[in-house]
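A, B, C and D label the chains in the order they appear, each numbered from 1.
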Amino acid sequence: MSTSLMNPAEAPLAVPPPRKARRIPGWAVGALGVAGAVVLLSTTSYLTGVPQLTSTGTIQTAVRLALPILLAALGGLWAERAGVVNIGLEGMMIMGTWGAAWAGYQWGPWAALVAAAVFGALGGLLHAIATVTFGVNHIVSGVAINLLGAGLTKYLSTLIFFPLSNNPRESPAVPKFDTYSASGLSDWLGRLEAQQRVGLSDVAGILRGLVTGVSPLTMLAILFVIGSYLLLWRTRFGLRLRSCGENPVAAESLGVNVYLYKYVAVIASGALAGIGGAALVLNPGQPGYLEGQTNGRGFIGLAAMIFGNWRPGGLLGGAALFGYADGLQLRSGGKTFLALVYGAVLLLAVIVIWQLVRRRWFAAAFGILAAGLLYAVYYSVDEVPSELTTYAPHLVTLIVLGVASQRLRMPAADGVVYRRG
Amino acid sequence: MSTTTPAVVLSGITKRFPGVVANSDVHLSVQVGEVHALCGENGAGKSTLMKILYGMQQPDEGTIEVGGQPVRFRTPADAIKAGIGMVHQHFMLADNLTVQENVVLGAESLHGIGAKARKRILELAEATGLTVDPAVLVERLGVADRQRVEILKVLYRGAKVIILDEPTAVLVPQEVDELFTTLRGMQEQGFTFLFISHKLDEVRAIADSVTIIRRGTTVGTADPKAVSSRQLAEMMVGSELPSPETRESTVTDRVVLKVENLGLVAVEGTRPVLDDIDLVVRAGEIVGIAGVEGNGQTELVETIMGMRKAHHGRVLLGDRDLTRLGTLARREAGIGYIPEDRHRQGLLLTQPLWANRILGHQTRRPVSNGQWLDLAGAKDDTRRIVEEFDVRTPGIDVAAVALSGGNQQKLVVGRELAGDPVLLIASHPTRGVDVGAQALIWDEIKNARARGLAVLLISADLDELIGLSDTIRVMLRGRLVADADPATVTPEDLGSAMTGAGATSAAVAEHAPGGAHARGAELEGE
Amino acid sequence: KDTGGTQPGSTNTAEGCKLADKPPAAAATSSAATSDEKVDGSALKVGLAYDIGGRGDASFNDSAAAGLDKAKADFGIAEVKELTAAPNEPEDAKQTRLRQLAGEGFNPIIGVGFAYAESLKVVAPEFPNVKFAIVDGAVEGAANVTPLLFAEEEGSFLAGVIAAYKSKSCHVGFVGGVEIPLIQKFDAGYEQGAKAAAPDIKIEKKYLTPAGDFTGFQDPTKGQEAATGQVEAGADVLYHAAGASGKGVFSAAKTGNALAIGVDSDQYNQKTVEESKDVIVSSMLKRVDVAVYDFVKAVAKNDLASLPKVFDLSVDGVGYSTSGGKIDENLKAVLEGYKAQIIAGKIDVKDKL
Amino acid sequence: MGILRGKLLPPVLAILFSALLCGIALVVSGASPLRAFGVMLSQVGQGTTAVDIVNSTGTYYIAALAVAIGFQMNLFNIGVEGQYRVAAVVAAVVGGSIALPPGLHALVIILTAAVAGALWAAIPAILKVTRGVNEVISTIMMNGLALGLAAYLIGADVFGELRGNNIRTPEIPESGWVPGIPLGSSGTVFGLVFLAALLGIGYWVMMNRTRFGFELRASGESSTAAAAGGVNAKKMVLIAMLLSGAIAGLVSMPEILGRDHTYNLNFPAGIGFSGIAIALLGRNHPGGIAFGALLWAFLDKSGLALDNVGVPREIVTIMQGAIVLSVVVAYEVVRRFEVAAQQRQVGRQLGTVDAA
């Protein structure tokens, strides 16, 4: 090679693009985050004397509440990774609840799951037809599907459930899954938890919550998370699917059938959201289908997915955070909520120190201010008004998003209408 | 080298778009193992023809033969199967995927997506000299590397006929040479190339034969070794070849733009993107900035325009300190700005031309009275630009997207020269623009300079840079590392300076050796 | 696999509360003599405007429907029309519904739920000859609107007594659907009753959503989690006033080996909660059916003045159910004792805390 | 002709298609679609339905305008729902606790509502601008918090008062009311319906004639081009969101000042979400939105009549969803049809045209 030519090794280093290569792999970041959260919670629990923060029951509740959100978020992940924004998750979830109830009361919970997936997938199919084939704005289509899902299920319930349950807004009772526990481990952890040892008991409580009274649905959802990761990031199918969300024109030019992959992704998305609906119906305590049952969980799922940076691990974190905060406020109300505020102060303190180390004075000052404010709240009230605790999950999500530095990155062609040719 | 059956034969190809006939009865025959160039003005229909050959678009009429067999490509997959590969004018890479993922996408059945695929990529890179790290994200690559990835993609699929659509538009001469070396090497291994370029010298340097397209139809085939660039250009447009040269100097000693000690940091704690830039542009002077893409030119321009916030340093226009002002205030102070990417930064594509006239001038006459728009004024002035700058359009109410690239660029130039700016910042003002439009834009910039306009010119087209500029500064890794005298410097010298290979000519005066900035110093991601 | 029912933490070895002195036994059950006089309603066209949920909600709408059905059968009513409110509907939809009924000649017309109060204020004066009634509400200044109000706090008082007597850990819970005044009445009565029966009793409370967010009546999952929380905190008898969310409370009680008290109608006999019916000790009955029935009857007899101002314990407008056999004679005697005292005014049950 | 085909044909097609779809659904369920549609149409002439439709159109129109302002620059304000609720409570509280001369009183209430809505919207706006928080998430969360805040504010020990089983804010004195146009037994048209019309005109003028509107549209069309043109993206996000929130704050003003004079537990929910659908239906154009709002209101109000003939009222929701979807599909189909026609035309002129 002639000397005047550029040798790649000496090629001028391009100006660094804003995003850097990651030195730490994603799973490690996730593990660190989880560890950090556990430490934070057990410290808070110790300092405030509120053991509920890490009790088995709280964790179990969190898991149950997070489940439908997690599944909806996974649905969102599939669609958006293929470049289709899915604001219709709520509608597909509603379709899922109806399908689950309809099949479930007749043939049991497994049939409910399948039917929910099918009904959700129908919603997904409609979304795919509108957005992929007809090039309709994704948000328009999603909004329409939310309306259609709600209208259709109400209509169908009046026709089909009314004669059975004597109530046009409710299905007959649906049989539920049995739950399973790793009993030996669970008992051992239970003893550990009961000893009230700082840190150790907290971890035991959390772990015990995760291995006790587990519904097959929970295991399935975890499988879905792992499966989605493997499928989307480790197979050719996933590569092709994601390429449709990053640069569909390039994908098409390489012989990827973009329409097909978008269809598959959006239908899968609907099916997952539908299963999310089934998770709601099959939750202990739910009679079956109930009008208004999803109550915005599809939207929360969407938020969890964005929160999780369009990644399976991240959205698991988002759903868990929401479920945890919701579980906490439902179970124990104002007091524990205050403990959470205290935890937020601790978190902010850590962040402020980090910012000081990095010599980011402004961010640090902002953090100190926020921490001071929150601490004043913690100090001055005994119990947060119940009107506000109900929405603790919303507040926590907002605060976490506001505090966590925003490095979110959506698929490059997400929401862009793609036309072949 | 020609054999009996041509590699590819296109006959009677016609392709219509709404309002446009992109190809009309095109004939093209490419021999096995040759580099066949395709030349034509902007919008002549070259890319469209190639997309048809690659199965991305279906011809309305006409037939395609590959290796003597008539074929019908419904998708690129069909074309790939037939051994045809295409490197697009606009790179077709997914930024957020790795090089390896981009390469194997769509061809996973060959070697999977894992270690085997990686091995194969490295083999190919070895064989052709297209070295690049398969594990790196594409968004972190510069243009030359991206092009390597594009060619690797094609090779990975086993293509024997490779279409290169304007591959050299964004490369510096050294990179072009390197590309040509690669192409020649591959040609010897039996690959066939279809090569599109506006740069006729390059065509003559690399091509074995050339087909010329004018207004969507083939006007002839020539032997590039036997014709001059001028003859080729005349076949393309039927007019004379313009030149960017500016003869007499109009430089005054009145300083218009003064940049002092300007610094910019992309991410806290990383290497600076702009490092202590000092720069002066005087009235009547064109200062050219040479540099390989990605060395901070974009950032420099955007910092001067106030689109990025300087970390330290000052920007002065005349006596006025602009450092703390926003982009609009800087524009109001008298800066015109031709952005490097007219589609992304210069135009509102779906809006009518007159709305595009308002952009950047929304507070100034004649298109606005401050807070209220003056639509009549905007329309009148748009008509003026259309006339003066020879913007070929059916009217001023059509959407900007309906115009060809050259005409879009003329509109942008007309807009930025409106309202008598004192400083024009022109980033790649003629990129991807055909010779006719190019000549007009050069003339307009020269005229404005003669009227006392100060111009900061950034261009990858070294002929343009050398021809237009009064002074050339070379930018490397965020620093101005050398000055060059446009009267004596050659593109090759400039190219060496730009890549940091060291001055090879007296025409380039290097500054004190730029402290080698460490490559590392990267923060962990996410 | 979980067999259900192993409840962590709550080792209920305690033998229950230290109970307050039992009230004196009630004199005689003053079960109102259901006079079998024949009432003719064949001239009546009765209109019923339900609140969200409507017929089939297994709650107070259904109870109203039951009253209407009975009235129809007993009095031979000519025609009946029932319309239902949609969730989140604007005010004018309710007005339109009432006007529709009035316009088609229905008289009397009953609005089920306090949500109709504002609409009736507007519509009732437009139809001065139509006799309106409103369940759970009152409209000032409209002479032709009969309020059908209930003393939920009195019924809930008895529920509190039941809870205190049934609790082994002397720790009970209350789950409210939405924190509105109506539900706070249940809450208040319950607490007073529980405290009256066992002064040391601990009470857990949770409202699922605050006022204005009516999804709290529609979210069994939340009901279940809130109830589970209370059970794990030690409560072993749960009373709910949470509409459909109450189903979650029953289910939580079942898994947590606790007991539950239903609300509005006799929930032991409800199909949708069949699988957890064995935990239902009793239900606080709010006899909307009685009120509707009595109102129609009074209209037929043209004797509105005979209606009580408030349907309270004294007229059996509220009460408790005994289906399921978990209220033994002993407890029943106690309850009747408290009931007599309340009726007699010896115990004043407040509707607010 | 072309305009007619391009702009008006699609909505007509879509409505017909949706009606057909619902008709089929009705037939399947054993009801007569003709009867159902007939009842819906005749309902307009009954009682106060016509006036209710007008009033409701006004409300929907304001909500959709609020959403549309965000859409113009690709900001997705799902938070209209929460913004109008917070604004309603705050305005009702303020209106009920001050005494001012007629006219001025109402004006102050309206301004309060706008400011409250804007402030509520400011939180997601600031989070987006300073912290890059996606507005879709933050506004969803803010909707939840709005419910909590409203509940807290009307608490009996805060600003609310108990009325039977209802809680409400203190009644706004008559000086704060905005009189409507009484049409006897047909009801009363809210005075503030005209506010909606005024807002529509203002919106049109702003989008088409002002620098701000231009910058908004430019940001929506291409944020990069807008930035190069001197549009400060962060400032635009902030202003657009505040403006959207301020308009959202006005959503419930016609009802509160024209009829209820208080905020109570029966406050309607979901108007913000309808606003999203209507803005999309009307393609962010003031005329289109007006049409969409009218259609929506018609379906809502006349749908009440379906109960009379024993048809599930939910068919209306299905119809609304179907219309939103089929309108956009119809626009797309018509557009493709026109493109094809143009292509054929070019084909005929082949040889005589000049490329470009």
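The working rule: contacts are C-beta pairs under 8 Å (C-beta built on N, C-alpha and C of every residue); 3 or more make two chains touch, one makes a residue touch a chain.
Per UniProt, the chains are A, D = ABC transporter permease; B = ABC transporter ATP-binding protein.
Because the structure is a prediction, the values reported are computed rather than measured.
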Which of A-C and C-D has more C-beta contact pairs: A-C
Chain at the geometric heart of the assembly (C-alpha centres): A
Chain A and chain C, separation of their C-alpha mean positions in angstrom: 38
Intercentroid distance (Cα basis), chain D paired with chain B, Å: 45
Junction residues of chain D, two or more chains touched: 147-148, 151-152, 155
Touching two or more other chains - residues of chain C: 87, 179, 209-211, 213
Chain A contact footprint on chain B (complex, rising order): 54, 56-58, 75-77, 80, 86, 88, 92-97, 101-102, 104-109, 112-113, 129, 131-132, 136-137, 139-142, 144-145, 153, 174-175, 177-178, 181, 266-271, 273, 292-296, 299, 476-478, 492, 495-496, 499-501, 504, 517, 519, 522-526
List of chain C residues in touch with chain A within their complex: 1-2, 4, 8, 53-58, 87, 179, 206-211, 213, 215, 218-226, 228-230, 232-233, 244, 247-252, 255, 271-275
Interfacial residue positions of chain B with respect to chain D in the complex: 14, 16-22, 24, 43-45, 60, 215-216, 305, 307, 326-332, 337, 339, 341, 344-351, 355, 358-360, 362-363, 368, 370-373, 375, 392, 403-404, 407
Interfacial residue positions of chain D with respect to chain C in the complex: 46-49, 52, 55-56, 59, 85, 147-148, 150-152, 154-156, 162-167, 185, 255, 259-260, 264-270, 300-301, 304-305, 307-308, 313
Of all residues in chain C, those that touch chain D in their complex: 83-84, 86-97, 99-100, 103, 114-115, 117-118, 126, 136-138, 179-182, 209-213
